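The structure under discussion is supplied below as structure tokens; questions concerning it will follow.
All chains are identified by letter, namely A, B, C and D, in their written order; residue positions are counted from 1 within each chain.
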Amino acid sequence: MSEVNVALIGYQFMGKAHSNAYRQVRHFFPGKLVPRLKVICGRNQPALEAAARQFGWEETETDWRRAIERDDIDIVDIATPGYLHHPMALAAAAAGKHIICEKPLANNLAEAREMLHAVKKAGVAHMVMHNYSKLPAMVYLKNLVDEGRFGTVRHYRGSYLQDWIINPQFPLVWRLVKKLTGSGALGDIGSHVVDLAHFLNGPITSVVSQMTTFIKERPLPGIGAGAWGAKGQKGKGKVTVDDDTNFLGQFKNGSVGVFEASRFCGGRRNFNIVEIYGSKGSASFNLERMNEIELYDGTEPQSGQGFKTVSVTESVHPYIGAWWPPGHVIGYEHTFVHAMHDFLTAIEKNRLPSPNFEDAVQDHFVMDAIERSAKSKKWEKVRK
Amino acid sequence: MSEVNVALIGYQFMGKAHSNAYRQVRHFFPGKLVPRLKVICGRNQPALEAAARQFGWEETETDWRRAIERDDIDIVDIATPGYLHHPMALAAAAAGKHIICEKPLANNLAEAREMLHAVKKAGVAHMVMHNYSKLPAMVYLKNLVDEGRFGTVRHYRGSYLQDWIINPQFPLVWRLVKKLTGSGALGDIGSHVVDLAHFLNGPITSVVSQMTTFIKERPLPGIGAGAWGAKGQKGKGKVTVDDDTNFLGQFKNGSVGVFEASRFCGGRRNFNIVEIYGSKGSASFNLERMNEIELYDGTEPQSGQGFKTVSVTESVHPYIGAWWPPGHVIGYEHTFVHAMHDFLTAIEKNRLPSPNFEDAVQDHFVMDAIERSAKSKKWEKVRK
Amino acid sequence: MSEVNVALIGYQFMGKAHSNAYRQVRHFFPGKLVPRLKVICGRNQPALEAAARQFGWEETETDWRRAIERDDIDIVDIATPGYLHHPMALAAAAAGKHIICEKPLANNLAEAREMLHAVKKAGVAHMVMHNYSKLPAMVYLKNLVDEGRFGTVRHYRGSYLQDWIINPQFPLVWRLVKKLTGSGALGDIGSHVVDLAHFLNGPITSVVSQMTTFIKERPLPGIGAGAWGAKGQKGKGKVTVDDDTNFLGQFKNGSVGVFEASRFCGGRRNFNIVEIYGSKGSASFNLERMNEIELYDGTEPQSGQGFKTVSVTESVHPYIGAWWPPGHVIGYEHTFVHAMHDFLTAIEKNRLPSPNFEDAVQDHFVMDAIERSAKSKKWEKVRK
Amino acid sequence: MSEVNVALIGYQFMGKAHSNAYRQVRHFFPGKLVPRLKVICGRNQPALEAAARQFGWEETETDWRRAIERDDIDIVDIATPGYLHHPMALAAAAAGKHIICEKPLANNLAEAREMLHAVKKAGVAHMVMHNYSKLPAMVYLKNLVDEGRFGTVRHYRGSYLQDWIINPQFPLVWRLVKKLTGSGALGDIGSHVVDLAHFLNGPITSVVSQMTTFIKERPLPGIGAGAWGAKGQKGKGKVTVDDDTNFLGQFKNGSVGVFEASRFCGGRRNFNIVEIYGSKGSASFNLERMNEIELYDGTEPQSGQGFKTVSVTESVHPYIGAWWPPGHVIGYEHTFVHAMHDFLTAIEKNRLPSPNFEDAVQDHFVMDAIERSAKSKKWEKVRK
């Protein structure tokens, strides 16, 4: 058993979730490498120190470059707004650190490719935090797909709907500013949709899309409303990203895909849907009921066919043996614990973690085609 | 109270459903005009006579032109495969008969426009049997939309999934032969999707689509397997229509639309989904639970928001007062009874029934754009 | 093919449902005996005539004894308030007519036993209209039980919840007056619970109960508010029946039962639940979603166990072949059509229909024990 | 900020859940008193040390009396089989320690009363771990009840169904041996049912019950299969507790209750149901979907009434502000974190925690009446 020292950059939502994962992982998934919460980075010193205290970090650092360059740091975890992923990952790779990076990997395809190049050159472990592929239900589903349980997949649906910016008075936070975040619904939640589709059904080869911004201007967030996007201005600012992105896709395996990513679907708080329809069976998943999956077996006798709600909380299900008895559900943050376990195991066994920057670049190829299609108004090939 | 004599052409699935509607309508919806089941038409005399007996028709006729031309016929009801709609409607209009026609109205846009021209010129009443707009839940939903309950609609989803031809051994019935039916999933179930979208959310102005045929050849149905498509050949024949059609759309009101029509979604027997997302609220409907609708009100206090399952079985709901007490559900065939009631009322009051050939032509404009887009691989404007 | 002439007594809710069944049955279930809607009986001549017109009856009759005694009547159908079942059934049996009687069979056990004695002595066909045992889902479930699909049944739940009298201003209709109706929630909906339990899981041998009247007085309905219970008084009257009845039971097969019947459960419009838990599997049914049933198979591999929602709309399911394709749901009134078909078939084949007065007497034995227990405050044996 | 030292007795399922809560509580709920995981107790030294390592305890102790008597221990947490609760609590109270005890508090009413007497005399803080009253959905529901949202409650249903001992080959673990555990389904899950009913709807005043043991003998667990119940014997042993317990109850507030607790309901893994029906509204909860609650408002307009599925994951919901954004669900173990937070806050503010031994004794009064009724076969008053 040996410790690996972590530097975490970011202390908001994702910083909190990642911190929890580092604290928890070895209490449920014993393993040789034990993460030590060494240093947490941010710009606002008082807020940072409060976060360090609450989340359990030993030290704070307001200059992320300094944290990355520390000799005692083994893992750099990037949980910042998107525009910082690229310089941070490049610096961390240059410093020879293993890297975990929040999704989407970068603000655009070019950045993502450079980041992949850097980590490959550096020979470090790398993971992109598409945590939903660490859901027990999704890994279970992937296994069923691989076993051929659904036969030849024909029709795939991926839909991620939220509603947190429906109100036009919701301010212009960094997630609505293109230079800070790359894209809107597409990058934030659409990237999950693409990543899950790749995970479950293989490469998407062409797409046609529709990207819409319903609310063109929003109130500026004002002083103190958020360190990244706001600069204390009054008045309104331009929304420079998509509110709602839909696309059709063609998979390499011959199946078709229908996709949605929207932040304007009232009542859908975190409604990430996956549906798989194959020649022999079907599956349906909803993140808001993340402990369940619905399965249809078309080979059963006609009188007894139907969608079965499987509670993915059995000890035989992926990751679940480490947690609680059947029917005792787990929550959102557990996905990050699973990811950290997989990441540490990969380092220990000198394997490539998954999903990694290579996977993330594949996602970016698709997102790039989606953005091109929204302009060209036609189907676009996914470049490779 | 006076009788109107009906000639029904077709005695299969739709013939059975329409017959039931004529028999039932005045037992639940009293009215001045009372339909009389005068004559049912088909080619196979013994089968036709059995149908007449079971469905309650007074006479049979194997030559549909003769039935249409009878002086004592007031209403011609066309419930045949699609390629016959056009000549039958033209003949019925020429004979001055009121017309009910199954959906999709025609095998293509040109035919549909001619049919509309004919009925307008003849001055007869005309209705296209998009029966789902006669669902209490759909009329109730339409009223809520019109009252502004959802605010400005932003995102619309229409999805009709079935699974009856997943098996590659399912034979080449007429619904899989382009010259007999015009198109496949698009015309059969996609036309419902388009019609409901128009009914609930107004005109679609542009689309981009993806039309796929997964199973290219199927066994010929053989002698006696079906009068229309099969001619007794052995071996296999080409499937000439789409198995699965998806499209994105732009509505005139600024909202976006995501649409699916597929016959390859295992476990979805009759899964016709409508979702409406507006600035103030949302709705979700599933035909397999046709007596329910889910409503979300975004103006409620934050702690109590959620989708509410309303049982559309109250006496205050559309059409329901004629049926049973709350919670005593109605079924599929009731939609046809509602349609017949509306049709007869329209004739009596000298109003245009709804949905009519004009509405159907609007649907065909969209379907035409979908078919053009599938070829051009780009967004296509809906022509008018 | 030959006609059988029906006299129906009662033209309210049940009169409407039975009329529909007689009209519809042969259009979906062809058979040798064809019911003819000969005469409908009631006290209020104008209302009766309107009903006859709308429901399709040839004649009306305000003296039910006269209708029963007509030589040309073959079937007497009793769809009146409970206190009239006994004299009507006795008269009909004496006249040698086949009898259909609404549930509960009688106002008390003694009446029920006399009625059974009368029909047996007369040698006529007899059926009690426990229509829910004619639901496709219930017959399908019964077949699964008989096949041993659930193994040894251990735990049974039957619960029928409604909410139509929650409002204390709801008037004192006949269903709230003991001398007119025998009992309240117990007889009206609890009798369904008992009958389904007997149908699915065999005899109940002992019970302990709790019968409650929450609202002790209600407004009198006033003149014209309903011919049976109201006599035009003003003011309030005493509620003399139970609002809510719960009981525990022991089945002959060793399983335990938990039962509810309440008219005070807000939001439950027609919420008739059945749950069966056996050594090998389980089932769950809800009348508000009467086209579905949920099935659990405990013999499946652990990773894939769960409740499966089967749409009981396949041609292989009971009665469904006569109706529509898969996923095209049926409604409440269809259960009566099935019952009429079974009744006519039984007459034709000279078999005892089911459920019949014998079954109903078994139900009354249990209801009698429930009423005794509510007074004795202890477990009571079901007498035989 | 000051530390409080905890001694935890037990390291199986509950030991794991409590350990997690102590580790996590201050990372999400900052507070003055910070628990320190000082010592964990058990009999099997190697297993205990492994648990200490994984769960994060500083020391181990195989003699629980010694741990309790340590001067540096502030809190004793009893997470052992039931028969040990009594001596441990008495010792801990005598030593002046604050006490958390797993449910049910004791093996019988007499023990429970002695335990309450001891903690009151000692003046220490005491809590019984009925963790489900710490579910956000349950606290939210309790608040709605107190606000009068449901009006006068009429009908209550509490049902806890599991299925883990359906297989007759499942061994005779300590939970099936009366001297070790007091009772079976009643104490283990029925105590939750009673406690939630008291929490939400006030005191139960009389009951009638039915307690059943379906499988009378089971295989002995064999050497090493479990330290508490097994003594290495071969062969079979007697099941001395109930498999399935149902009861009816009368609440002090005039409402009626229907209750189930069973370990023989296949497919119900952790199916803890609460239903409340009042004069103005209703609620329904299912632990397997613990992040949701269904609410019905009978005061809404008739056309829009129905059960609304509220995701209890908003920052305004109880406890949720400490966790994640809306729709990002929490899991089973979070209830223990909430309980620890409440317990520590109570100590800090010198308040009585809730639920405490007083509440637990009230639960035991009801359980005692249930056991008496099972023998007397009649309604029994809940003694006080």
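To be clear about the criterion, a residue touches a chain if its C-beta (ideal position, glycine included) is under 8 Å from a C-beta of that chain, and two chains touch if they have at least 3 such contacts.
Keep in mind the model is a prediction, meaning the values are calculated, not measured.
Counting only chains that touch, the fewest steps needed to get from chain A to chain C is 1. The best fit of Cα atoms from chain A onto chain D calls for a rotation angle of 180°, in steps of 5. For this pair, chain B with chain C, the centres built from the Cα atoms lie 36 Å apart. Centre-to-centre separation between chain A and chain B, using Cα means, comes to 41 Å. Taken residue by residue, chain C touches two or more other chains at 268, 305-307, 311, whereas all remaining positions touch fewer.
Put simply, chain A touches chain B in their complex at residues 154-155, 157, 161, 163, 166, 208-210, 212, 214, 244, 246-248, 250, 254, 256, 258, 260, 262, 264-268, 275, 277-282, 296, 298, 305-307, 376-379. Put simply, chain B touches chain C in their complex at residues 13, 17, 19-20, 23-24, 26-27, 30, 54-56, 162, 164, 268-271, 287-291, 311, 313, 323-334.
Partner chain B is touched in their complex by these residues of chain D: 140, 295, 302-311, 314, 316-317.
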